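These are the structures, in structure tokens.
Both complexes below contain chain A, partnered by chain B and then by chain C.
== the complex of A and B ==
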């Protein structure tokens, strides 16, 4: 039974945007915590920590996000947790974001001139104070533009959660298309909504990058 | 027992196969001003960087103000609190104002209150003659001013020993003097100082002893008059001929 693509369908798709946003926010927040841990481990003196962090990054950058989603989704059952698409998507995207943000932030930490760390060390500041007050504030400036750029990737990446049955924006589109069979119209709407989410962020990233370049030239 | 400011015994340091410091023996008395010179790659910067363990060493003993640095652990932090360092490239924290640069370490490493730290900072900024720049960012200052801030920042920790690693090498010629004058003031007040520098006029004016290094070794050390007037070592004579 095929019905028309109606305003109710549009409303259904638009309200699904909130799940895309919620999933992106969870993955970004979790990825920020995980990414910081990875970045600090990767740039630390401790060889074991460095190895673990490097391995983590290699695994998550070297496999498709879709496989990670599948593995986490079916893995939940293996460890005795309920199979819940939101939980699975949130965990998989968090791990994915941790790997990428960790690598971006490691680069930013290492881009801070070594003299900064030396000066802080010579002033008797310990590791925590060096990182917190001297290195990370400078690394954050360097990392802001690529971090926003990655957030755009992450938002688009949440569309894969549709495949494990989580009803975010893309899945809402599929549901509506199955009933209306107007794929061009339906997925055109879905794509437009992604664009509305991502485009301002892309502009922001470009703006931040330009500001950063000016600051460095000063 | 007279307490020595610094004792280095049989210190060796390698970068891979490169012997950066070879059997260094050096004793520094409190209040002594020492200038270290030598060709690039001779190990002079490495030498002073071992004194606050910015460079770890492979063998030997370093005792600073009675604390054995090479015993490691707590001792390293203890020594770093008492040893200030000024770098060739200033290394001010660019995201902090001059005042914030000066109060960070006293507050975090010495646990001094903010009010107390600011008072100390303003005092030393006054002494390096830039009190009016306290609220500016490093990038807004000239090279000479930045280096004077770096000296003030180190002094805010109230160190007993100051290390200078080519403090004027990155400066435009017209700014060298203001930094050297600041260092001369500091020397006159009795600070124990080790300076790696090629400013031989500075060495003549304030040094108690001048050390010449080559290939990781201390080749010659003497009072300035003797060091410049009657150099014994061939390589030192060449070196002095080149920089004069």
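== the complex of A and C ==
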């Protein structure tokens, strides 16, 4: 039955935002851990580690996120796990975020002048102390703006989880559209909600980047 | 234990390869039209005409801060409500062009702004006419500056184009979805699709590197 697009529908769509946020948070947290591991491997002295990290980044940046989602989704059955959209989306987005954050953070680590690392070595700091107290704190400042920028990309990416049947913002819009058949209003509302989530982050990223550039010019 | 079955994929590899060709064609068209939109957007943005600049700013911000999936739903399902109907294939191309145009506008604007004014004045001092100045002193160096960002955006566009399969536009992902509906060899099909997309991305980046070598490796003189 086709019914009117009511306030209950708007409420349904708005509350689905929480699943978009939860999925983004999971992927970002997982991606932060994976990304750090990738970035450290990619910039390490160990050739095998470096090669593996490079391959990981190339594969995940060279294939569509949609295919990664499908592969993980159907791959769960291959390894004998139950097929669950949330699990599949969380795993796929975590791997995706690991690759992108790994590449961003590798760049940041390498942007720290090598003299810093050499000075720390001269002070007899081991690899762990060097990274923890000298390199990473400086790399973090450089990486902040692009990391926030990637967060926008990640939030938008979670919309693809709707295709494997996870009910987040986009899928909630599809469900309401199927009942009300008001696609212009429904998808307009969905787009507006994504915009409200992403735009402030985009502005923040731009602001951080401008501040960074001013700091470098000094 | 899971039994792998690549038979359906091998038997229908021609369908997938044809799908890959459709993805290449769709991406190339989207890149071409997207480049036109980007140049127009960048020119409008740097023109100094206020309302025009606001319009382009709004376009760029809205597109860059909403998911492509929602954009294509809005274009394919939403626009017919206001009298603009398109076939899935046309809607797919329009959505991709609108999407890449927003990113391209920003990239090309950055390229135009990367040319110092003194360089244009130097061109004038050498007696070049305005067309020559625009072509050799502005466009070519600007293109060289933005070439890496522009081409990686294009490769990202090709990967994003897999999303057009949700409205059943013809491409590689759709070919895979059709095959999946007939054979249910899901994991095997998507594994091969992923490999094919990876090869396409590799192909495009090789092509772009070749173009770069031919056109943009003159002395930089920094």
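In the analysis below, the second predicted complex is superposed on the first by the 218 of 218 C-alpha atoms of A that agree within 3 Å, B and C clash if a C-alpha of one lies under 4 Å from a C-alpha of the other, contacts with A are read in each partner's own complex, and residues count from 1 in each chain.
Keep this in mind: contacts are C-beta pairs under 8 Å (C-beta built on N, C-alpha and C of every residue); 3 or more make two chains touch, one makes a residue touch a chain.
As the structure is a computational prediction, the values presented were derived from the model and not from experiment.
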*In the overlay, work out which of chain B or chain C sits against more residues of chain A.*
C
*If you stack the two complexes on chain A, which partner ends up touching A:118: first (chain B), second (chain C), both, or neither?*
first
*With the two structures laid over each other on chain A, which partner does A:129 touch: chain B (first), chain C (second), both, or neither?*
first
_According to the stated criteria, A:55 is in contact with first (chain B), second (chain C), both, or neither; which is it?_
neither
*In the overlay, answer first, second, both or neither for which of chain B and chain C A:137 touches.*
first
*Which of the residues in chain A end up touching chain B in this complex?*
113, 115-116, 118-126, 129, 133-134, 137-138, 141, 218
_chain A residues touching chain C - in the complex, by the definition given at the top_ = 59, 62-68, 70-71, 74-75, 77-80, 152, 156-157, 159-160, 162-163, 170, 173-174, 177, 182-184, 186-188, 190-191, 194-195, 198-199, 202
*Can you check the complex and tell me which residues of chain C touch chain A?*
2, 61-62, 64-71, 73-74, 77-82, 155, 159-160, 162-163, 165-166, 173, 186-187, 190-191, 193-194, 197-198, 201-202
*Residues of chain B touching chain A in their complex?*
52, 54, 77, 80-81, 83-85, 87, 89, 91-95, 104-105, 108-110, 139, 150, 153-154, 157
